[in-house]
Amino acid sequence: MNFASDNAYGAHPAVLQALADCNRGAMMGYGADAVTEAAEGAIREMLQAPDAVVRFVATGTAANALVCAQLAPPGGRIYCHEDAHIETSECAAPEFFAHGAKLVTLPGPQGRLAPAALADAIRRGAGGGLNGGPNALVSITNATEWGTAYAPEAVAALARVAHDAGLPLHLDGARIANALAWLGCAPADLTWRAGVDALCLGGTKAGAMAAEAVVFFDPARAEGFDYRRKQSGHVFSKQRFLAAQMLALFADGLWLRLADRANALAARLAAAICDAGGSLLAPVQSNAVFAAIPAEAHRRASAAGAIYHIWPDRSAAGLDPVPVRLVTAWDTPEADLDRLAALLA
Amino acid sequence: MNFASDNAYGAHPAVLQALADCNRGAMMGYGADAVTEAAEGAIREMLQAPDAVVRFVATGTAANALVCAQLAPPGGRIYCHEDAHIETSECAAPEFFAHGAKLVTLPGPQGRLAPAALADAIRRGAGGGLNGGPNALVSITNATEWGTAYAPEAVAALARVAHDAGLPLHLDGARIANALAWLGCAPADLTWRAGVDALCLGGTKAGAMAAEAVVFFDPARAEGFDYRRKQSGHVFSKQRFLAAQMLALFADGLWLRLADRANALAARLAAAICDAGGSLLAPVQSNAVFAAIPAEAHRRASAAGAIYHIWPDRSAAGLDPVPVRLVTAWDTPEADLDRLAALLA
Amino acid sequence: MNFASDNAYGAHPAVLQALADCNRGAMMGYGADAVTEAAEGAIREMLQAPDAVVRFVATGTAANALVCAQLAPPGGRIYCHEDAHIETSECAAPEFFAHGAKLVTLPGPQGRLAPAALADAIRRGAGGGLNGGPNALVSITNATEWGTAYAPEAVAALARVAHDAGLPLHLDGARIANALAWLGCAPADLTWRAGVDALCLGGTKAGAMAAEAVVFFDPARAEGFDYRRKQSGHVFSKQRFLAAQMLALFADGLWLRLADRANALAARLAAAICDAGGSLLAPVQSNAVFAAIPAEAHRRASAAGAIYHIWPDRSAAGLDPVPVRLVTAWDTPEADLDRLAALLA
Amino acid sequence: MNFASDNAYGAHPAVLQALADCNRGAMMGYGADAVTEAAEGAIREMLQAPDAVVRFVATGTAANALVCAQLAPPGGRIYCHEDAHIETSECAAPEFFAHGAKLVTLPGPQGRLAPAALADAIRRGAGGGLNGGPNALVSITNATEWGTAYAPEAVAALARVAHDAGLPLHLDGARIANALAWLGCAPADLTWRAGVDALCLGGTKAGAMAAEAVVFFDPARAEGFDYRRKQSGHVFSKQRFLAAQMLALFADGLWLRLADRANALAARLAAAICDAGGSLLAPVQSNAVFAAIPAEAHRRASAAGAIYHIWPDRSAAGLDPVPVRLVTAWDTPEADLDRLAALLA
């Protein structure tokens, strides 16, 4: 009963099959191969973005941090939610890759940035002058770290704030498949048509082994990016194996079907929690459930082996109800969900 | 009528005289000179810290950022007040020097960190594990960015929290002269006896031209620091000229007399503001006054050429009363203060 | 006919099978899983180093650069061969990860460092004092970038020079399998028994998809390494898939058998080149052949589709004979080798 | 008898007087003052470069490293002489500021880069592709680290090589005053008219206390530079004191007169060494003498207290003759020179 994270689950069989399929003979390394070319093309097509620059890395932290570094000048201020993955869960990777950028964090209900608060923060940042550092970019996550989803118009509202200040908008899409599946909109609508300038397109949580795509919709923003990626050790010599994973996920919309399944499990889990006297801390709009559950239920579930995180303060103790995060994945067994529901009830 | 900052004023004549006095003939460069040796010794003596490692740099940003880098491991979390100079006014220098450390900022009334809140934040940080990064150090400022002063026991309370978690305590002492003058305590009592591990001892705001000392009370913490300082361009070839400034300031307690004067001016200014219908936003315990003044008085003063900052949001507009920061210095003319007082009344 | 690099070939079927085998159900992420534990243990056992700290990353550049950063203080001087991979082929990754370390390169016949020249360079470096930066570490590659192998005693001689100067010895073992297969010695003899302090144990070129191990023989040297790895985006969430590759390679000595095959092909190729009027530029002691071949033979081979690099100056033109590098791999088809031999003849 | 370096001497009295002259009342900090404006203007005028961006820092290492960082993309290759100050004497500052740039060093007689060798190195660098990193800039020093001077046409020849490859040319002008004094040409002729894109204009060795100017002839290259400078702690709050030093040096050509004196002393010293049986290792075209002197003379001079460096290997021992570097300064006493000459004879 593992609900700790969607990355606790493995890779979809189609992903492993794709690895085997491309494991024939020699190809040039470092991305100069046909599989990489095909996968980059598939993503451009999926995004309806024929000019976009697409590159693959193996981890979401690498993807996010490389994009932040690419977009942030020295001392640059990166605006994000206080619970953003880049702030809480990447061991200061953006600051490292960007050589000392500063993450300026903002509160916001249910993991979402509010356009007015963002605009105000950016204005204050500009007022800081040389001392405060230059405004650099805005970063959002979709689906958010609280399992909610920004609809296209919500993204567009934040993009307008960013662009009005001359800043690009980065989207951490580690779970964009889940957002897309929940919203039912086109990838283009949730990204570049809404004003996203750089996208980290998550494969790992969506069913890959370890594969993420970085997408710059304006090629000019990607200048020098390949060297940056190489210098940080994120160019694979046998690059085809990264690309093949992504190709498998995007073929026939597999990734969205997998996300849909995970979302549906989360919705069922949320219902079970509410039935059992728990209450949701955020609406369930992707594959994560944030809920306050009775301490007694929490003890029961934990004792029976259910794995999930107390949230957001993982080391909090003695609370009743207990705030928790439960994440479903493409491969979470339904039986586990049923069993957890029974334990909580 | 410049109350924008204490660094708007020049150097004390004794500082300039000291430059002239040591401007004779040849000395070995990079700190291997007698003036540097004497100045390091004077600071050790003043601090009653015979084993301390003392080094000079020219800017407070360099001093703070080098210390943060020295004490923080990769991805390290640096706990500080949300208004700390290292957070608001150094263009992400600590993040840059420390190659991607993360400043974890905490609110706190009147520029002060609260021990309990600090302890809680450190505990949460530890709970973040690999993702959150390692806890690295605690940084405080004294006098604080809101003109208040931590007494020795207040420093000690924060030091205990830091040390209990295995973290060193850094003190940004850009205005420690003002704090010492206000508190009337010994430098040792406000620093190492209270648990401070690394001190940035401000000379510039205290009356130097451009000189700060970095002090590591435990020499083991200074290992490799000279290379770090050199690599960042903060070792002067004609190092005697940095050291001479500090020697002049610390001779006969000059720096404390200058701080005392600045503090007294601030107290007078605060009284004048209160008389004129303004209200203090923080008690005046050093050389800065944070007050809300009537918009009409603000307009009058500004129109007459008084210079100071709206605070903390420098670009805020349309407020009444107007929150402002006014800083006095060792050289602020009394006449300017009288004139400003008259304008505000 | 791809002889460009051993990383032009794919992964051994056993590696892919291992991925499938561990692709069952949920495991905790970021390395807290049984596969990772088993793989770390297998490597410790293979190296007869029960206390060693073993960690996995996906690229050799990441492995080398992380180790350099771990071992180098600010401004640190890293001594290596002028043709070392860390110097020529990692886009300044060591300098980036180590925040400005300096690679001090030394010539040396056939890719090997000479102990006396190394000792002299280290002595000169020490003489540079603050300006020159601190001596940090010595890095060697085995098999070298010229296809030669250091025998245990040769490694030990260099280790003595390093250790006498208080410096640790790093071994870039991207092709250590080939060196071991050629030398026929135990991994322990070629590493820690010979004085190696940190080892990058190559999996990718040995038949993995993308997997390298970093090994610190003294756990004290690994302090903070996990944060460093995390901060650079090189901790995989589904870490088992890195570990599984390594487990497969080290089971039953598979990696050595594969290296042996590649070495044997290289030896055959070398013989064919000599028969065809070419001459070796270095003895063939692993899976790479460095040779000067007649320009006419080069044109013939290239026209027929043989892929390999002119070396070391890849963009050199108009030479006769043509200096080339040809690399064989665990999966290079014998038919390709026969065909190339025929073309060259 | 200090001939160790020109930075062993102090500041010209006019420099100290300028500090006193501007030490009146309040000015805005961080460069927003009239002295800074005047000094920037004076340098633009002296260089006949009305559009140039001029900024002040306190050390040559800061100046050089900030420019390298400003001009180098991630992983960038910086071409310079193997004896360049940025390579030998800045503790890897350029690598640090540029977050991992790589200095590609070239030999060259008497401290000079040869255009053909530079062109070849750049071509090879381009051939390295992603692995080798992007070509970034060319850096030269004038006067060179061997006391020789590039004439304008020699600079122009190197600039052509750089520009043909699309690279900017950086000039480390720590001793450009000495080169100008020796060559007798206009500063514009030796800099931008010869193709220099970024200049580090040395004040410290020329007679300042600690002041250097960074000059970007094309303002577009300076974008974001102020933040970069601030982030590294090299913006002074009391900036006027940096600017005033430069103003004093450039008034009435003082810096060139001082350089001329130092050059003349060096010429006299060189003649004395030759008379005494020594031989020059490079022609004396500025204020440094590189010579091989009899070991007996060296012992005599050292025993009598003469200070200078064995060169370039400072820790070399037992040589006869002894290769040495002797540097004269604006303030080297003639009597010291006479005494040294007598000792060597």
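Residue numbering begins at 1 within each chain, and the chains themselves are lettered A, B, C and D in the order written.
In the analysis below, a residue touches a chain if its C-beta (ideal position, glycine included) is under 8 Å from a C-beta of that chain, and two chains touch if they have at least 3 such contacts.
Treat the numbers as computed from the prediction; the structure is a model and nothing was measured.
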item	value
Length of the shortest touching-chain route, chain A through to chain C	1
Chain at maximum distance from chain C, centres defined as averaged CA atoms	B
Chain centre separation (chain C, chain D; CA means) in Å	40
Chain A and chain D: spacing of chain centres that average the CA atoms, whole Å	49
Residues of chain D whose C-beta touches two or more other chains	74-76, 90-93, 96-97, 99-100, 130-131, 133, 227, 230-231, 235
For the chain D and chain C complex, residues of the former touching the latter	74-77, 88-103, 123-124, 126-133, 313-315
Contact set on chain A toward chain C in their complex	2, 4-5, 7-11, 13, 16, 19-20, 22-29, 57-63, 65-66, 90-93, 96-97, 204-205, 209-210, 227, 230-238, 240-242, 307, 329, 331-333
Residues on chain A engaged by chain D in the complex (per definition of touch)	30, 69, 73-76, 99-100, 130-131, 133-134, 224, 226-228, 230-231, 235
